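To start, I am sharing the structure in question, which I have written as structure tokens.
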């Protein structure tokens, strides 16, 4: 990885961030009616509108408004949510951990489960296990996540009673310490697995394809000829080499994951960004909505950057095209 | 699953047409994908003739299970669910076709111009493409629905102008490789204009690769529209699968059919397009090669 | 201040006793001594005056009936006085009948004046985020859930029984019902109504339908016709008191009473009750809710009759055109949710007589702006909660002064001097035996002119685990004051 590549990749962030700022700014100003209604929602009183108007300089020329907007965003300050009566970023910060927990758990499940399934399937391409995994993966990748979540609450949580139906904590018990952690973990299992389904499908498929290719490459044939056992070849040589595309793809899945998390949270009453977002759309709490859009967009840009740099560091063959 | 293939492979229309088609039809999954997609397409195009009833009218008692009279049962208001699912196919196909048309127009032009002209034009266009690629469409759509209302046309326009970057990148790569081929050189020697070369000689060869991306995009668009409607942000006057799934949410245990059939419809449509995209891609690339490729666009 | 029992009769709460003087023009309330706010300060008469002067003027029900702020033009209320720390006086310029019905915790929750030194309870979000009351439970925290703890200084000794409550919000009714059935909840506000039968049959649960609850009572799903051309705001009163000049254009269809009657005939109201409310509630027999017993006077509402609807529409000169469509209108509802389902059913029913309906919906803010402020609608549905006296929640639908750019006032822009006169007359009739005749006349006129259609009287559902008992329904917000769980 050359310094030149890192520099160029970092510079690439600038137009991406600019695009996000321009698109959101335009959306606010192209919306029908007064931009203050688009920016602040419809529920506020005169004093609140005056505050938001001044904060975003809505009485000034458009270019100056844009600069003010950029400055506000740069400081992480999108004004106040009238509905919640507090800064937008406070509202988001309160909900963010629950969503991160859910997404983190789903990614873990997907990485481990997907790699294991994919590697096992690759041991005998077109064998019954491979066909089974591939078919399931195809369906798992096409199934709408909200639908899966509904079926899971109904048939698994309610039907078997093995997992709680809703929420992140037990309503009655007031746990602390290790029992609190266990309580949250118990609540986490089902939503995390539902969210992970499409990612498991993707990872298993990527892993399988990668391993099959590696296994047919020259060095593997050599290793096999030198008497290494098949599973040793698979897990020590082929699999690590097949991981690169998996890392590349997973790093770009953040946008999908957050939107999936939003839908899963809605069904499971998981107290994360999903509920914040849903409430914001139902109360016209536009500052919160805007904050969430910007947060996700910037996170996607950051995740892409990190993924590219990590991949480049791992694989010296990559160059900037 | 086509995201996978896209990441792993480079799309190259080097294969001659006949062999391409034979390879495509030779795989069971390709045929299945084609059948599923055509089924949904036919349902959408001939929705009015196929649907036995107006999906917005009450034609029977509420919550009637599937029967000879109502093959998918009726909903809470006594409306025929089969008619609603068919009308949903029309809505989904309208969105998919319209979004594809808009993004194909943008993607083909941007990709072909960037690839053919190269140099600074290429650099500039690719920076713009990257800009659009990092915009999370699901969240932008939420913002647009909140600000502009939940009309279907708003959604189509938004998805259309934000869904093209992947297509543009693939078209560019194709054009780059085609630019130096003999038949292009021959056309140039014969004095054909640049526009004529791109439209007449390059684009036809790009179509199969573009179809891979467009089919993939279609499946993402279906899921996106359904997800928005599921959150209650869809257009209530356009019967859609997401709207039906949203409505079914309250009645899962009274009327399983209300949840099952719309969900299956989404599954079938998305699966069909994914399989189709996958099969075209595999047919184009008999020898899958590894490379750091185009990244899928965030939702 | 005052509680209301199941029959809407007042009983002492924060007000220990009261005297009605001057033929109903003057009300004196003696407050209970020793009542403390949750922050330990004393509750007193100044808090009551403050609540009416600065908070309730922002509420359409109180503002429209009582005429807040006190002393404003046309207001029956002259002033509210904190005569002593334990004595509040409401002085009206003419007899005012419904006051005792609008002092319960639903209509008038009293808030602490000392928390708002700038008299800004509508905008002081810092204080509003840390609310203090005098009730049985105190807010402890709200993060993922809302937590309440027992108020040890509650003025009713030995109450409440519960040590605390945890409240959780569910984005989906289905999830909440599953959680209740799965034993994860003790109590639930609203349930999956389509499952009422099964929930009732569940021995582990107790399901109760209540006509009144926190936030409103005697709610009636009401469809209103815009009598003016969509988007025409001339004649509308603004929040600053001014009125937009000019004469509005009449609605192209709904200004004709025959069209309104035809729509009434085209709607099968039983279907709304059966398919949306799942039998919970009843078909409205009159413009005034049956829960307001003394005023409710059943009226011959146009019955479901498609032939008659078609005949009236033909007679009104609106023949069927291409595709059998007579004309197209926009229907507005608060959504997403049940009110959109009302719209979908109405769309299906009106299609039968050739009226093409487009359903539009939005969250309450958007609905309020589009319908009540900008008036860009043809038909709209509102769940008008009427309270315990017609003056509280029905007057705002029919009085000409209530045609305002304020949500949930006079939706249809119905304005007649006949109706205005009747409402003002009834407001001053303190004896219900007298006012009931005026209210009967009001309902006859409403049926004759049909600016609204009253569809269904809805009920709230409350459900709890069988191991719990002692919940207070209806008519009080203090639902858990005497509750306990095993």
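Residue numbering begins at 1 within each chain, and the chains themselves are lettered A, B and C in the order written.
One rule holds for everything that comes next: a residue touches a chain if its C-beta (ideal position, glycine included) is under 8 Å from a C-beta of that chain, and two chains touch if they have at least 3 such contacts.
Worth saying up front: this structure is predicted, and the values here are computed from it rather than measured.
**Student:** For the pairs B-C and A-B, output the one whose chains share more C-beta pairs in contact.
**Tutor:** Most C-beta pairs in contact, of the two: A-B.
**Student:** Compute the centre of every chain as the mean of its C-alpha atoms, then state which one is farthest from the centre of subunit C.
**Tutor:** Of all the other chains, the one whose centre lies farthest from subunit C is B.
**Student:** Using mean Cα positions, find the chain sitting nearest the overall protein centre.
**Tutor:** Closest chain centre to the overall C-alpha centroid: A.
**Student:** Subunit A to subunit C: how many Å between their CA centres?
**Tutor:** Roughly 42 Å, centre to centre.
**Student:** Counting in whole Å, what is the centre-to-centre distance of subunit B and subunit C, each centre being its mean C-alpha position?
**Tutor:** A distance of 47 Å separates the two centres.
**Student:** Approximately how many whole Å separate the CA-defined centres of subunit A and subunit B?
**Tutor:** 22
**Student:** At least two partner chains per residue is the criterion; list those residues in subunit C.
**Tutor:** 172, 174, 336
**Student:** Residue numbers in subunit A touching 2 or more other chains?
**Tutor:** 150, 154, 266, 278, 281-282, 284
**Student:** Spell out, as numbers or ranges, the residues of subunit B touching 2 or more other chains.
**Tutor:** 232-233, 249, 252-253 - these are the residues of subunit B that touch more than one other chain.
**Student:** Quick check: in the complex, which residue numbers of subunit C touch subunit B?
**Tutor:** 172-174, 192-195, 198, 271, 274-276, 335-337, 340-341, 343-345, 347-349, 351-352, 358-362
**Student:** Spell out the residues on subunit A that touch subunit C in their complex, using ranges where they run on.
**Tutor:** 41-43, 45, 47-48, 80, 85-86, 94, 98, 150, 153-154, 157-158, 161, 164-172, 265-269, 271, 274-275, 278, 281-284
**Student:** Going by the contact rule set out above, which residues of subunit B touch subunit A in the complex?
**Tutor:** So the residues of subunit B touching subunit A come out as 1, 3-4, 7-8, 29, 127-128, 130-140, 142-148, 219, 223, 226-227, 230-233, 245, 249, 252-253, 259, 263, 266-267, 270-271, 274-275, 288, 290, 292, 295-299.
**Student:** For subunit C, which residues are in contact with subunit A within the complex?
**Tutor:** Subunit C reaches subunit A through residues 122-123, 125-126, 128-129, 143-145, 166, 168-172, 174-176, 178-179, 181-182, 184-186, 336, 363-366, 368-369.
**Student:** In the complex, go through subunit B and note every residue touching subunit C.
**Tutor:** My answer: residues 54, 56-58, 62-63, 76-79, 149, 232-233, 236-237, 246-247, 249-255.
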